[in-house]
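Next up, some structures in structure tokens.
Next come two complexes built around subunit A: one with subunit B, the other with subunit C.
== the complex of A and B ==
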């Protein structure tokens, strides 16, 4: 496997974008307003689109510009719009009865980042690379996955679950953009449409949830129905 | 060690001593202006100090030695810290090697510790509440502060503020590195907490909301003036560390000439005006947090400091 090499300026720019996305993941983890989650997710998608575009410029791959455009349109505009629509219809605007307080969640998230860093060093060593961008991309990817899992497990609003899944996905996408910038266009498109389907399904499920139980919180789902 | 260096060092202390009420006055005035009120004059803190120094001393029953010594200790501590940090010059002066960043932090905390003791000593209910609250905030803020110091140390491979200043002023790639950006953000949150600003401290001065001020409710006259002045100096010192070490490490006297030192003092006021504007934005847009949400900004600050340490490992 060949890993791309970057100039110092490009490397610092990629680091800044990756770190910015990680911070936005923490914004989602530390807030209790669902609308904030969504804005943070949209902004994160735009950052990743910017990353794709600059990566396309650096490895001279015009396909990446297209991917950046799709990312910005789908993840940055369409998905937030769909989630906003779901939010409006459900009438849920914040997490009530938090299982883990935002402050605690932030500290746990910081621990997750440390874990991700340690794992990233191991993976980079196994790949035979000591490039700092590589390690950073791996760290950000792994920690965004962990944060996504954390949100999926400790939040219980239906919308938080969707967004947790989306952060997880964003993390993988960001990692793939830096680590293997030449991914085939077709795969990217398939992933994007998968996401669209996932969000639409979640929307339907959430509305069904409201209809049956009168709430969007999964805490109320305690009874098994055959 | 030359006579000029000693004069400069005295100048650093004098700058902190004399300019700190001005910064406080600036913030108080323009905060009111932003909220479309008239606000007090910029020199109002000087007038307040003058007035308090000419009032008589009322001593509460049962006040012990702590009551008299706390203001003096707090004031002296604030006079010592400017010796250690780059206020006017960007090179160490004769006594600057007495302590590093941790040493400065220790002396700053010592002043606060004595004020807390004095609050408990007075036996008044509000003072006790203030003391316990300020200790709780210290418990939350201290780990973050240590982590920020660790981050700075890892960044510059040194614990002396002058080394950090030189590194950041000289190397643009370090200045714009994620580690430094995180450290600035983490320290800014600490700055708000330590200088009695929102979102933790209240902007209205009612006893129920008071935290740091509640500790000194029993003081009056010259002792109160000393405590207030020490508080303003603490704010000035923290702003100096934030500006001259982390955020804007430029515009300091390099050769130590009189004009250079004077220019550095003027530049310092300009930098503080910038930071004060940021503080005013926070004070205007934020509301006070509930008691049980105090840990949230501090957890965010802790997270930023931890991220800085990590980003530093990767750099």
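== the complex of A and C ==
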């Protein structure tokens, strides 16, 4: 695969940002306060924006500066703001009746990272590459995917589900910045925009959910079975 | 010519959606949507027959190839039938003020479903499929009952999570393509197919599996089908028809296209085996839930899982016969499932219940609609002389090879189970002597009967006569799949 050669300094900086994002995913996994999720998500988006910008500097691709700017604005500011509004409106501030305690969730999340690491090594071996940046990017991308799914399955507040989906997307976005910095600008922008629309739709639907079913917890959505 | 028609298909429903938002009268919205669906169907009808050789337009973002055009044709027909039906059905809802919004959403949903198969760029295709979810979730929740909202919420969460896997697969496919094309390129189906031979096989296999699970969620393949029975049963009947007859095919198309790319990339037997396994699993889950089903629309929803499984098997077996069978099945299923949902919606309204236990002696109370619905039920179980018999037979024949015989054997057994289970429900609804339950209203009236008739007649015709022009399209589609994309 064509992966640009990085200087040791750049490689360690990218690694730092990727690991920082992964840690923030764990912050979300380990907390039961919905507001914490949102701050962690916003910060994660800023780290990814920083990654895009430095990558743009490194591979001399000015398009990436634009993507960094939009990532920071959309994912770093606008999305957290939208989520904050939804949070206020729903009036739920933390997860009650946890299915899995945060400590257990963290352990399962760590196991997910190990799995992702193994898969990343296998892919790298198949590609005949031992670039540590690539392996790290793959690991973080896959483990954020797994952590997102973990959050979707063990959390049941509507907001947690939205944030779980956003982690899934952030993971892909982070990975794609490192692995395919040349991905067409148009596609990336449309996906960013699409995400915004998606969150807006989620917000509207969550309001209906409260209004019509009287709950934001998926544990109480039990009407449709069989 | 074909590009101009494709542009009509792309523009008209969107324009209708915007117009419906602007008008203030429900009747005007009805008329606009109906007119748009007529124009769209008229433009989509000749599209597959003009699509060879494939044309690319709109700066490379639009493609008209036999495969995509066929999916568009199926979707446009369902859109037309559902629009006809909606005129009668949605008036029964008794909320004329909200009809404008309904038709705007309905046309927008049809637009996204029709647009996705015409997208030449794999990334844009993903966006179009994601948009279908965002629009249709509000249609599923349109009736605002707690059940509908619950279904809509499950739908958007499950499908968004699933489709994010498809995005990951898309990104990895792009990455695999950079080996030959360098960091910058347009990810069209044609380019992907063209450079597939230089992709790393392991990476292509992984990417395909991610795409399969992602778009498989949207296509309702088991075990990712969990949203489907809820969404299909809780939306208004025209929406159920459009979800089942149009949307699922659109998502399946992505799987089929990526499968061709992955096979070109040397992924070996993994893609087809994975697709066949999911197909068999869908049939199994559907059979189990059909036999013990109680809700009338949920019955139809599980039948959709079954038929997506059958199509997955057809595309999985592949070859001229498998692809032809699957594509023919797509059309037949689109027509038949529309008919079934229309009938189910009419009966739900007439008897005021979603449960099959509350529906009695349909044939006596509704001679015309009841006969059509019963014929549809016989057709959907794959009995002759209807279209689904021919297409299922073609798929079965395609699978009669030493490698796939196991799948065919299981498929046959499960089809028999589904035949018995499905028709048993209809036996009870039609012929069981019960306390004299008199339906509250007359059947849904002229528009509903018309839509059901228009869905039923072609079903019978297609069962007696397999048009040669179709075969040409199927062969062209198969040829394109065999050598990578158009």
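In this section, the second predicted complex is superposed on the first by the 223 of 226 C-alpha atoms of A that agree within 3 Å, B and C clash if a C-alpha of one lies under 4 Å from a C-alpha of the other, contacts with A are read in each partner's own complex, and residues count from 1 in each chain.
By our rule, contacts are C-beta pairs under 8 Å (C-beta built on N, C-alpha and C of every residue); 3 or more make two chains touch, one makes a residue touch a chain.
The shown structure was predicted, so the numbers you read here are calculated from the model rather than taken from an experiment.
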Superposition on subunit A - do subunit B and subunit C clash or fit: fit
First (subunit B), second (subunit C), both or neither touched by A:224: second
First, second, both or neither for A:212, with subunit B first and subunit C second: second
Subunit A residues touched - subunit C or subunit B, whichever exceeds: C
First (subunit B), second (subunit C), both or neither touched by A:106: first
Partner chain(s) touched by A:149 [first = subunit B, second = subunit C, both, neither]: second
Partner chain in contact with A:197 - subunit B first, subunit C second, else both or neither: second
A:73 touches, of subunit B and subunit C: first, second, both or neither? neither
Gap in Å between nearest CA atoms once subunit C and subunit B share a frame through chain A: 20
Common interface positions of subunit A, toward subunit B and toward subunit C: none
Touch list for subunit C against partner subunit A, complex: 121, 123-124, 127, 130-131, 134, 137-138, 141, 144-147, 149-154, 156-157, 160-161, 164-165, 167-168, 171, 174-176, 178-179, 182-187, 200, 202-203, 206, 229-230, 233-234, 289, 292-295, 298
Residue numbers on subunit A that touch subunit C, as the complex places them: 1-2, 4, 59, 122-123, 126-127, 141, 145, 148-149, 152, 158, 161, 164-165, 168-169, 172, 175-176, 179-184, 187, 190-191, 194, 197-198, 201-202, 204-206, 208-209, 212-213, 218, 221, 223-224, 226
Touching residues on subunit A, where the partner in the complex is subunit B: 8, 12, 15-16, 19, 22-23, 26, 30, 101-104, 106-107, 109-110, 113-114, 117, 132, 135-136, 139
Interface residues, subunit B side, partner subunit A - complex: 173, 176-178, 293, 295-296, 298-300, 302-303, 306-307, 310-311, 313-315
